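You will see chain A twice below: alongside chain B first, and alongside chain C after that.
Moving on, here comes the complex of A and B:
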């Protein structure tokens, strides 16, 4: 477990080559190639149904690829079980934030703390993980010992659910964090308080992939953006450059013909 | 009409914690007898009652108590598997495997009871986990279907091949020295399983198991091998079920195909549903209502099953939350009518 210590080493973290997935006759992802370096924040955008979530599912092992290869730190992780990929240090959130509804918010964080990756780090005795979990919740903006920490996760407001998802990724001490539509459904005020958490994660040297529809907010923090359309990459570059591309404009806005 | 305000005031039932509940949640529980009893009687009284029952009951009902305790343990283990999100329709599988293992160890290796019991539990748990390993990936009703079919498959295999005594079963097995050892062994086992499960689900380990039921994908992305966790849960359930089977083998000094009968699958499930799922206390209570009830109805002959089934339906329709949760709510809260504020 090599934990990044805040410096951008620029090491090649993730290498995706020719990644494809067919669901029956539907080609959801077609021959995707890209590299991701340590410390980068990569935005993954594209119209609905363009294959963004499937691409993330392919990388994190929730869906087995039809073809292609994923390497993480030079190790082939194609088709590994999701928990094995998580143990290597790749954490993800889901588009629909579904918490462990019956458990209190802080107990949600105990689950990733129990994984073999970090079990030793948080202390093994009964209750030890609880305090680590509460610390992590504080890091993502839960007020210390406030009632939200102890509330059943199912009854948390939307904004807190998103923070909870972030805390789960932090609990795993992941180096690569994949956020699936983290910003969706958040108010401007909630965004203003969640963006600094992501910026802090960047400062700590985390590498982040964000699937987003809220482009304005994304472009402010993203180093690079990949645009998917019908399962293929149609643009890959700096946010400003990408939005100049005719193909991207066409995919997003359509053209008058 | 009341729907739109009008003259009729709308009312709703309001539930409020009883004063004594609120007080006894606090330090006062230690300063007043009444409050001390309020918190200590519910957990302690059933334990004392269980330990005293064999001394009070006549011989016939003492035997019923033993069967009841066995079904209660099966119900507890069923409830445990549900906490992990696996609905088993085949507790008879675990029970039957244990029963036959004990019989086989006894006859083949002439092992004493105190060896066959733990060994049957251990091997039974392992076998159960191995058998269900391929279906741990299945969710919901698919898992249930397989557990339903497996015990029937075992039953037919034994019948068709004549293995393990075939339709005759295995006879002449060792018995417990006396009924007191029988009774107290199973009651202590019941208490251990009950308090063990209650404790287990509050540990971090139990938390992970509960989370698997809640959202298994999220548990996996937390770096936890959910199939391994599920296999462990099946092992625990299987070992406990197998212990029950092995115990009954030595009570009857016989083991035959009926150990795979549907009763051992359905009754534990019914107990947990009638008593209230998810608390363990409910399963225990359910078994202690249903099994003696079924015994008491024995006298009325043919209509027994009908009356039994009817009372099951009544319980489930009248108290869908389960008897335990209903009683617990009444114990802790009272209800009153309150005006609805618009």
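Moving on, here comes the complex of A and C:
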């Protein structure tokens, strides 16, 4: 099985080797190897409990690996604290959107704007952060200066929460963005408006990993798909190729229509 | 009589708010219940006394140094004790209470008891409001207390650290994912809370002598206010301070001072039975608890 297929548009961004995690006796992730290049959109799929979120937690430092190594831009980031990994430019969202519920939506974006990473990238000059935050919210589809921008994030409708998550990643000026089930719970109309935002992020050279259960929508935009089952990679390739694999059909789709 | 009760009830309420503010701030941000809070309050008082009487420093300098040292002590408490038990609530309570116990009883052991342990008032004198005498120190307490509450409100809304405080308070995972060093912020929150305890001590202690036992009373009062107002809620702290403050003063005026502490304790019991999260605290959703 080729581990590193897919388009190689840019430099090697993320290199994962032998990554494993045991929770007591449960082997949640077992010896995962993959590479990710600048500008790729990688789909991460697999049945529930196959280790997708744990894999993301291992990469972003929220869970310490039992074994293995993660390199980002050639730097070993295995087991670093999550905030340090975030400051290197890896942003992530959570399966259950986790806004700062009592803060107005735009203040949720101001917090990452204060990050040392953003200060470093903007040469110390940042102007009015409130207004930059509102610009970013507009980029992800909040109507400019509409009341929703000023509402407490905890009271936002589901679709806006998902957009808010995207805006946070953009505010951090992340190069690698990991989206955990961004599409879940969105209506077809909401999807139709959120997909272009991701496409725009791709055009700006972002690298994206998406954990998804909504395969139809994912396959339209993904360059490459990795399939996990029981913590192991069982397929890694273009969406169409991966779905041809008997192992994938059997393990993941089962009696899929 | 009524006028005295109203004015002194107001002052008493501000004193309670001052005492509870730091305890509430630390909990509100990092979820840490600092049970050494009362000990820090007393320690700050003794620190000022030692700097004035043994080291010969001027009062203002001693007061500033004491606030800084107490805040640094809070930072060290987080770094060397709390960090290791973070997230295990029972361990946090036991560890901080143990540290507090050690501090208070060490002062007792060293013989820091007696009438000579007093702090100077800021300015001497008194004013009359109607027929009621109020000494300057109580005016200082009211002025600084109100300024601190307003300052904290502005701080948490308009500064970088204040926003980080609120971020951590609401979701530590998200804060981490956005590049906030949550341990550093939580350590700062303990330091801020401790510094506030020191400020409260320097303002309030000149009214009497510094005594080890008051450390325990301060902790009970801070907890009473926070439990009734809702842990971590600044509005709750202020409302609860006024409720208990006036209730204590009215009991004092009509039934005698020994009933004062009973008021706080009974109020805690009633609130715990009726609304355990406090008046302004958030009850966790079923989904978060299971």
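Heads up, the rule we're going with is that the second predicted complex is superposed on the first by the 235 of 257 C-alpha atoms of A that agree within 3 Å, B and C clash if a C-alpha of one lies under 4 Å from a C-alpha of the other, contacts with A are read in each partner's own complex, and residues count from 1 in each chain.
Just so it is clear, a contact is a pair of C-beta atoms (placed from the backbone, for glycine too) under 8 Å apart; a residue touches a chain by one contact, two chains touch by 3 or more.
For clarity, every value in this text was computed on a predicted model and none was experimentally measured.
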| item | value |
| --- | --- |
| Three-chain arrangement built on chain A, chain B and chain C clash or fit | clash |
| Partner chain in contact with A:43 - chain B first, chain C second, else both or neither | neither |
| Which superposed partner A:65 touches (first chain B, second chain C, both, neither) | neither |
| Contacts of A:51 with chain B and chain C, given as first, second, both or neither | neither |
| Chain B versus chain C as contact partner of A:111, first or second or both or neither | both |
| Contacts of A:141 with chain B and chain C, given as first, second, both or neither | neither |
| Steric overlap of chain B with chain C in the superposed model, located at which of 6-14, 24-32, 312-320 or 330-338 | 312-320 |
| Shared chain A surface residues [contacts with chain B and with chain C] | 60, 62, 81-83, 86-87, 91-92, 94, 98-103, 107, 110-112, 114-117, 168, 171-172 |
| Chain C residues within the chain A interface of the complex | 160, 163-164, 166-167, 170-171, 173-182 |
| Chain A residues within the chain B interface of the complex | 60, 62, 81-84, 86-87, 91-92, 94, 98-103, 107-108, 110-118, 126, 129, 168, 171-172 |
| In the complex, chain A residues that touch chain C | 60, 62, 81-83, 86-87, 91-94, 98-103, 107, 110-112, 114-117, 168, 171-172 |
| In the complex with chain A, residue positions of chain B that touch it | 203-205, 207-208, 210-211, 214-215, 217-226 |
